[in-house]
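Let me give you the structure first, and then I'll get to my questions.
By written order: A, B, C, D, E and F. Residues from 1 in each chain.
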Amino acid sequence: MIIGVPKEIKALEFRAGLVPSSVRELVHHGHQVLIESQAGVGSGFQDQDYILAGAQIVQTAIEVFERADLIIKVKEPQESECRMLRDEQILFTFLHLAPDPVQAQGLIDSLCIAIAYETVTDPRGGLPLLAPMSEVAGRMAAQAGAHYLEKTQDGRGILLGGVPGVYPGRATIIGGGVVGTNAARMCLGMGSEVVVIDKNPERLRELDILLDSRVKTIVPTLETIESYV
Amino acid sequence: MIIGVPKEIKALEFRAGLVPSSVRELVHHGHQVLIESQAGVGSGFQDQDYILAGAQIVQTAIEVFERADLIIKVKEPQESECRMLRDEQILFTFLHLAPDPVQAQGLIDSLCIAIAYETVTDPRGGLPLLAPMSEVAGRMAAQAGAHYLEKTQDGRGILLGGVPGVYPGRATIIGGGVVGTNAARMCLGMGSEVVVIDKNPERLRELDILLDSRVKTIVPTLETIESYV
Amino acid sequence: MIIGVPKEIKALEFRAGLVPSSVRELVHHGHQVLIESQAGVGSGFQDQDYILAGAQIVQTAIEVFERADLIIKVKEPQESECRMLRDEQILFTFLHLAPDPVQAQGLIDSLCIAIAYETVTDPRGGLPLLAPMSEVAGRMAAQAGAHYLEKTQDGRGILLGGVPGVYPGRATIIGGGVVGTNAARMCLGMGSEVVVIDKNPERLRELDILLDSRVKTIVPTLETIESYV
Amino acid sequence: MIIGVPKEIKALEFRAGLVPSSVRELVHHGHQVLIESQAGVGSGFQDQDYILAGAQIVQTAIEVFERADLIIKVKEPQESECRMLRDEQILFTFLHLAPDPVQAQGLIDSLCIAIAYETVTDPRGGLPLLAPMSEVAGRMAAQAGAHYLEKTQDGRGILLGGVPGVYPGRATIIGGGVVGTNAARMCLGMGSEVVVIDKNPERLRELDILLDSRVKTIVPTLETIESYV
Amino acid sequence: MIIGVPKEIKALEFRAGLVPSSVRELVHHGHQVLIESQAGVGSGFQDQDYILAGAQIVQTAIEVFERADLIIKVKEPQESECRMLRDEQILFTFLHLAPDPVQAQGLIDSLCIAIAYETVTDPRGGLPLLAPMSEVAGRMAAQAGAHYLEKTQDGRGILLGGVPGVYPGRATIIGGGVVGTNAARMCLGMGSEVVVIDKNPERLRELDILLDSRVKTIVPTLETIESYV
Amino acid sequence: MIIGVPKEIKALEFRAGLVPSSVRELVHHGHQVLIESQAGVGSGFQDQDYILAGAQIVQTAIEVFERADLIIKVKEPQESECRMLRDEQILFTFLHLAPDPVQAQGLIDSLCIAIAYETVTDPRGGLPLLAPMSEVAGRMAAQAGAHYLEKTQDGRGILLGGVPGVYPGRATIIGGGVVGTNAARMCLGMGSEVVVIDKNPERLRELDILLDSRVKTIVPTLETIESYV
């Protein structure tokens, strides 16, 4: 199969659909990979890195879209990209179609086969391509929260974990799923008091034993929400 | 040396000055040990256990006091015991003389050499014979506190560690020494939130790292005492 | 729906079917809640607390039973309560019917719809309303066991966790389900050696990794039961 | 003693020499406390908070300096403040005189008794007023480092703790003292690989057992510094 | 049922099909158990131990095979054993038939009912009789690996956990199933850096939280395999 | 200073007095380093590695001993080496003189200044050059003990940590110093039950909190020694 990776064109998107080590896997399994020149620079990869991994560099997105059977991207296709998609071509990327009827129509008109990362489901009903995003989001949330509590960020000047002799800060986390659990673990690691609120008591039980009683688990009621949020 | 252990006669004292395994150590080092008959029953040791360990059983406290060079007890000597002590005899036991002038005078009159467990000091200034009592006290305090929080004990019906979905109880411990640290460890183990208040910030720092940030450490001020006690 | 909570009348039952924060949730979702006066005093709640949460206080159990579509209680209905239940009224409480044919007949005669907390099943086959009771039971068991080992309770004078220099006590727990796991965690927290015996080796494996090898897991045979119990 | 707290005037200093709870302690011990109006606003305390704690609010720094026996500040005195200090008056604040001959001369000329927080030494040779600053610094360093690794901060787009399936970031910490140990604990808590380099092998041994082998400890040589930094 | 255990005859097999405590269980449930004399000596059990547990000792394997309805062994039947098996007799042991057509034909010819331990499946699809072998294998692997890294074993002279001041060794474990997880836990326990590579990201996620971020989890690609193996 | 490292000549000694990274440190501080050719091969270092680090390779031990002001070795000097030592030359190595009068006389006769690694004392009275050996010894002891318990080593066929469902092995460690503590940590890490016996109750207390109650600490008496060893 010919697999193509155009350079991302949406603002503030630094990632690429494939990193060189992924290219190498695909080539090893017999596929041909086309990378648009400079597609990896935002993530610190040069064209040469892709070439060493077995890819062919092409100069324009047009060439990628013309030759590839399968297009791998990060963000949803922009209007100019939708116009390059064609019948029977497979598009594999995040789509987030719900709030975006223009994109949805563009995809329909293109006659391509679009598969959204966020909807791929594993046999247990999990979302394997979304989970790592949630893990990153949860861990970043703790880090971002700590940052915005700093005085110089117009925060309340609170250090999440306090120091010996001073009561620590408290992180209240609503939802004990992938995002919440990862945020909870980072906050605990920074020494914060952590309260997790979740409607599912079975999940609270799991977190209680997995995190060895270090997290406080709370069932949401009007009263607990008011007290801890 | 002839070492004697009279049966304790103070109310509610079940312990004996020596347990059989200690007798065995002393006999092994060449001493002769006299045990008053039935001295160990409160702790579950029969005369036969002491005989197997190498002791000689004598029938009366009088005989113990007459023959022994060193008397080993648990509690301070009662009036009848003070009268049996004699010149040059060594008494080794808890004394707690401060609030007890009658006993102090009794010991002075006896001309014995009285050494109080609670004042024995090690080279670093520690109190090695008091420390285990403090460890027991701290651990028992947590257990007793948990017990008296029970509804059937006219407590507030609080389970120290809560259960998943319910905020745990809080134990506030004043003083992070041997008693306080042992109480803190037991309370943490039962799942309670634990606050330790101590005037010495260096000790709070030690507890923070030894207990891996699981305990909240607070410097005492009028305000923190009011908030947490 | 009109929801009613009569005051519990079984001896030694201090709890109430609803606490004020639960009342508030129900009122928030559009229900009307009737509380018998003084129903909450055993748990430390005054009528005023329920009124603030949105409930209406009524003076007698008779009025509760007459007006409510749904009766929420803690313990099984006593004989006088069975007589007040009526056709189509829903009763939601612990029933424990198996050993209690008189109650069973009383419920049948009342024509009410009785739902027992202990039989409510979640989609995975768990018992969500029984599990928290089991968690409390397991945690209390450790606390009660520690208490009854005290010398002053006619116990063997053993401190579960021992102190440094003395071998700790051992807790042998039969069954590694919710009760057993919670008891094991509390005993570990108090410093005790913990042995869990369970017929299901898969559960022993889970406990071994969840409790980080701190608990000893044993398959039950005549021999292991004899050794550890 | 009359104790005075002028409002800090150095740029970007939001703290005050005393918070209301400290005022309350001093007043409780019989001292009189003067607070310059608005001294606490940077830390979120209103004049009213200080009044409730027992302080007297005065309108100008001049009045504070004229009436107080002891001046408590945060930052070193600015030129205008040096001129208000007077013979026998005690100044208690951070001084950091080494790089600041102008301030040093100002203090000499004032004939005041200046005590620098950073030089107060405890009986063991520790620096009790500097240690909490070091603890905050170490913990903030981890947080700041994590922040500046973010792509949007022009960092390398590395999440310190990684996520499952991706090798974590590595934090190399030079010096295992108060700052380094606190930074190491926060980095471990965020899931990072942590290497601590310290010339004192005894300290590395302490960290190895205190942090339960989770940190890698390295003796500094040209080679290890080159490899890990 | 009559259950028989012949002495294992394959080289280097020290185990026996049943230990005395298992015999006791079976006898307790009403079965009759025949043990070939000396069957347990390799595991430290004498004939007398089996007799006390309720077994009958018989002198030859022939007698065991003639009388028993069910034969319990450890290793696959050797040629001489296959010839003793007979129609309708049940054989319960490890078989590992795949590479062993001679044994397979022997079993077919014997007309016995052969059940292989390694194929017994539990309701969740697990292999309950294989899992303990995998646990032992994983834990032994860590121990064996540590041993063969010793200089005197012609290894590289590396101590898995290093010592303070020296970077630890690294264990790379391919596969995070039962064997891999047990090996990982032992390596972590010895202070080693541990990398687990597994194709299933969900399993990596589980290990990350179960082992509290102490293990590095990696998705296998040509590149990661090359780097870590 | 000219520093020389002869190749070790005692049987089974694979180490060298200096590794290349240490040579680099010394050269960086202005010293000249002579390495006997092939001195590092037992540790995996080639002459070329030493040359890159700044050393000069010399062909014979005689040349090393003639030119160097300071000789750095691992093992005590053998007879042929003693004869090469000379007046005012400094020898730095392990000596272990107590049981070795021949070596002692050889050193006296040589008029060299011999400093034994094992006697170097730090300001706190510790033995900084012996401690790492003790750490290695303690960690290796656990590993060696595990190895010799294997059936194929004629051991008792016990896996230190057991597996879920089977009671673990027990390691009894006499002495809670550097060796004992390191052995205890490795044994705990392998899942073993660990008992530490030490005469110093203060050390037992430290281990109890440092190892978070996972180790059992026992005071040695005839009775405890008999029970646990």
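In this text, a residue touches a chain if its C-beta (ideal position, glycine included) is under 8 Å from a C-beta of that chain, and two chains touch if they have at least 3 such contacts.
None of the values given here were measured: they were computed from a predicted structure.
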*If you check the contacts of chain C and chain F, which chains show up for both?*
B, E
*What chain lies farthest away from chain B once each centre is taken as the mean of the Cα atoms?*
A
*After a C-alpha superposition of chain D on chain F, what does the rotation angle come to, in degrees rounded to the nearest 5?*
120
*Just grab the chain with the largest centre-to-centre distance to chain E, centres being mean Cα coordinates.*
D
*Same-site or different-site touching of chain D by its copy chain E, using the half cut*: same
*Could you tell me the distance, in whole angstrom, between the mean C-alpha positions of chain B and chain D?*
42
*If you average the CA atoms of chain E and of chain F, how many Å lie between those two points?*
37
_If I count partner chains per residue in chain E, which residues reach a count of at least 2?_
132, 135, 161, 164-165, 185, 189, 191, 201, 205, 210, 213
_What's the contact topology between the chains, one of line, ring, star, complete, other?_
other
*Could you list each pair of chains that touch, in label order?*
A-B, A-C, A-D, A-E, B-C, B-D, B-F, C-E, C-F, D-E, D-F, E-F
_Under the stated contact criterion, what part of chain A meets chain D in this complex?_
14, 43-44, 132, 135-136, 139-140, 142-143, 146-147, 150-151, 156-157, 159-161, 163-165, 182, 185-186, 188-191
*asked:* Which stretch or stretches of chain B touch chain F in the complex?
replied: 21-22, 24-25, 28, 122, 124, 126, 128, 131-132, 135, 181, 185, 189, 210
*Provide the residue numbers of chain A that touch chain B in the complex, in ascending order.*
161-162, 164-168, 191, 193, 195, 201, 204-205, 207-208, 213-214, 216-219
_Touching residues (chain side chain E, partner chain A) in the complex_ = 201-202, 205, 209-210, 213, 221-224
